[in-house]
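The following blocks contain the structures, represented as structure tokens.
Below are two complexes that have chain A in common, paired first with chain B and then with chain C.
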Partner chain A sequence: MFEFIAPLFLALQKATGLNFSPFYNEYDFSRLMTGVQTSLLLIVCVLIVSLIVGLLGAAAQRSQFRVLRFLVAAYIAMFRNTPPVVQLLFFYFGLGALTPQVDMGGWYEPMISSFGWAVIALGIFGGSYNVEIFRAGIEAVPGTTLEASEALAFSPVQTFIHVTMPLALRFSLPALASNLISLAKTTSIAYVIAVPEMTYALSGVWNDSLNVGEMMMLLFIYYISVVAVIGAIMGRLEKRLAVPGLGK
Partner chain B sequence: MTIMKALIATAAFVSSFATAPAFAQDNSAETLTSVMERGVLRVGVLGAFKPWSFRSEDGSLQGIEVDLAKRVAESLGVEAELVEITSANRIQFLEQKRIDLIIGGMYDTASRREAVGIIEPGYWASGPSLMARNGAIASWEDVAGKPICAKQGVIYNQLIETDFGARLMAFGGNTEGKEALRSGKCVAWFYDDSSIAADLATGDWEGFEMPVDALFVNPWAAAVPLAEKDGAFGKILSGLIYGWHEDGSLIALQKEYDLQPTAWLADMHESLEYDRSYLDE
Partner chain C sequence: MTKVSTVPRPNSLVSILAGAALLLAALAVGVITVSQVAQGPADSSLNVLRRWCPFILQGFMLNILMSVIAMILATISGVVLGFMQISHLAIVRQPARFVTHVFRNSPWLVILFAIMLMVPFEITLPYFGLVMIPGWVKATIGFTLPVMANIAEILRGAVASIPTGQWESAESLAFSRMQTMRHVILPQCVRRMLPSWMNWFALLTLMTPIAAILGVNEALGNTQAAMEAAGSSPDLLIPFYLFLMCIFFIFIYPVSVWTKRLERRFSTT
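Now for the complex of A and B:
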């Protein structure tokens, strides 16, 4: 594959001056590949963590324990009102200094890598929005529906699992889709703690080859493609789960 | 931040076509004449570049490069006026004749030689080296497979991956990179040996060392306007700097400012030291 495209891009550079070094320089190609893999893995992990945090947070918000409800409210206030870059640096340099070191056979490395901290920090950041999105979905379920299920002798737990949850999920989907897309884009800031994702990889390339414009273009295309895929998945999910007449 | 830098670099690159210096003879005596008439030599120094040039507690500029600037003025019998420059504007300052001379931590590179009159020999030199906890690293080969911190956008970063198989972790700034080393996120900090030596000299890095010699050394050169390189002014500077190597005064400055001795200065001294043995009968 690389052997096949390399001459094409070398010819392109000769003809037009456009320097797409990752497609003909082997070192830059390896950087690009690491960047794509790390970035995709980071996006998947962050989205999953944020969904789990969102569901747990929304459940805790409905708890009868006042302390738990207060903690969730404090968490949301803290993580929605501070910039994600600051959170990332806080987790990596602040909390990261307190985590134990692991012996790697002669040298030490922190137990949680920069990738690990990026998943934790961005997952928690995105989760704080998801909590509110799920809460809004739950609150959108009409009271009359809940009364109807009560009249059918459903217990509160049964009502939540069989009636509230399925409807709340459908109400949440549009807002959830836009938050997940925004979160996927936010993973690009992980480069400040040296996670070798796309932005980090390509900024390394353009620093060495001074092909800033071309690499920015590549980065742009990459994120548009990723966002398009996430958007398509969420759109399909919405269509599949659509209940005729719901929300009309 | 690196993105900003890249944009600025592109802008500078593009604008360099617009302001390419006109072809001029390179042995003009204009600067020397105007310095002598004015009685003042205007030298550009960085100003926030300890210990080469920095503001002391009383507000005056001090440091190795400041001392060198004063020596040049003294040799010419004029006053030295220190002008603070940055690495982004120093070449423009010189081209616009706002300063007569740059002594400001500038690497001698092929592209700079096209813009300014680089004076040979260089008066200092630095290159990529490592800072690590005492005993953690013994040689360059030791970095294989280990995480090494660095700064994003440094031109030699890829060497440590391609030549030594290290895992590079590049951060946006020096402070983050060095903090990552301090908190154990990597086994070494990969950066200029002169900067590492200066960090070690501050005493804030107890328990750390520079265990290896620089991979290569790039001289730092003084610069005059391109047209003066082979003129009287350029030749006087060349001679002065040669003399500082020859008589060991650069090595003396290194000692005075508590910097670790570097092989480059020692080698320059040795190779340029004039053999006067024939005088002993």
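Now for the complex of A and C:
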């Protein structure tokens, strides 16, 4: 494919001066591909971690233990009210300095790479929003529904698994979609700890080729497509799970 | 409607105490362990932090300044953009939709890069001659654009959320479209928009430290500079970054608690 598009973009540069170097220069092309792969992998990992953290947090918030509820409240307050960039730097430099080094046969590498820290930090950051979203979803389940399931002799656990959870998931989907989208966009700040995702890769390209405008256009297109894809997936999920008569 | 769930929800006071206490405890533990580790000829990291504290706070003033200016600009331009989005003229509506779409769906960092690198650092004005544009002014513009697009979307959503019956009854009272907007729709929108507007102010302030990547001397930039000046010892990292998180927390937490209170009040009435 590269051989096919390279002459096109060389011709474009000759004709208009628009320098899309990743599409005709092989080295820049490899940087772009690394950027896309890392960025997509980072987005998927961060979203999954944030969903797990959100579910665990929402479960812990319903626990009977005061201390646990208090800790979850503190976690949410802390991560939602401090800058995500500083959280990332704190995790990577602050906690990263404390993690042990692994012998790689001649040289030492930290146990958790910058990519790993980005997944952890951004996942925990996004999870703090998801906890609230899941909690709101659980609270939106009408009390009458729960009473009805109790009348049908469901135990509290059965009620939670078969009634509350499926309904809460549907109630929280719209808010979840917008949070996952904003989290996917936030992964670009992994730039500060040199994770070679899209923004970082293309900044390398524009530093070498001085084609800031073109690379910016590429970045805008990339992120808008990613957002569109996540939005479409969540929209489809919402439609697939829709229960007739529920909600409106 | 009765609630079956017996688990009390954490109220705001509990979480205020929780958040503040935990953050301060973490800070104290971090500082104490680190200063015990660094019991050498070197200065303790707490002393270093105390010495550089004014410098970091001075940087934080720039964060607040940037977020306040960006919020004012974003509110004005966002309201204009929002009105353009609901215009009946396609030639006004379509470009406004496009601009909103682009800036809502791009990361803050990418927009910031675009403004910082593509706006010239000096321009020639007709009466002032050659004027330098400082980095923080460009960063402020970069922060304005995403917030502007989101405020436009909030306004559009708020106008759309007003029941159509109100438009119809205003029309039956011989109100023009402008008059309906001005006297019937907008007064109700302001109430509905306020919580989201404040939420965006908090988000904006929390994003201002990314300006440090492009060399603006705000709190994060100053923190990193201070750590370097103090000998870039790894012991400084945890207390300095925790301190920085504390400053932002103290400024933003009241805003978000107030936002939540407003949301609850407006949703019940």
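Of note:
The criterion applied here is as follows: the second predicted complex is superposed on the first by the 248 of 248 C-alpha atoms of A that agree within 3 Å, B and C clash if a C-alpha of one lies under 4 Å from a C-alpha of the other, contacts with A are read in each partner's own complex, and residues count from 1 in each chain.
Just so we're on the same page, a contact is a pair of C-beta atoms (placed from the backbone, for glycine too) under 8 Å apart; a residue touches a chain by one contact, two chains touch by 3 or more.
Just so we're clear, the structure is a prediction, and the values are computed from it rather than from any experiment.
In the superposed pair of complexes, A:213 makes contact with chain B and with chain C alike. Of the two partner chains placed around the shared chain by superposition, neither chain B nor chain C is touched by A:56.
By the document's definition of touching, of the two partners only chain B reaches A:194; chain C does not. Of the two partner chains placed by superposition, only chain C is touched by A:142; chain B is not.
Of the two partner chains placed by superposition, only chain C is touched by A:78; chain B is not. In the superposition on chain A, A:97 makes contact with both chain B and chain C. With both complexes placed on chain A, chain A has more residues touched by C than by the other of chain B and chain C.
In the superposition on chain A, A:114 contacts chain B only, with no contact to chain C.
Of the two partner chains placed by the overlay, chain B and chain C both lie in contact with A:203. In the superposition on chain A, the residues of chain A contacted by chain B and by chain C overlap at 89, 93, 97, 191-192, 203, 206, 212-213. Across the complex, chain A is touched by residues 2-3, 6-7, 9-10, 13, 136, 146-147, 149, 152-155, 157-158, 162, 169-172, 176, 179-180, 183-185, 187 of chain B.
Only residues 1-5, 7, 9-10, 14-16, 18-19, 21-23, 101-102, 105-110, 113-114, 117-118, 202, 206-210, 212-213, 220, 234, 237-238, 241-242, 244-245, 248-249, 252-253, 256 of chain C touch chain A when the two sit together in their complex. Within the complex, the chain A residues that touch chain B are 27, 89, 93, 96-97, 101, 104, 107-110, 114, 191-194, 200, 203-204, 206-208, 210, 212-213.
By the touch criterion given at the top, residues 61-64, 69-78, 80-87, 89-90, 93-95, 97, 135, 139, 142-144, 146-147, 150, 181, 185-189, 191-192, 199, 203, 206, 212-213, 216, 219-220, 223-224, 227-228 of chain A touch chain C in their complex.
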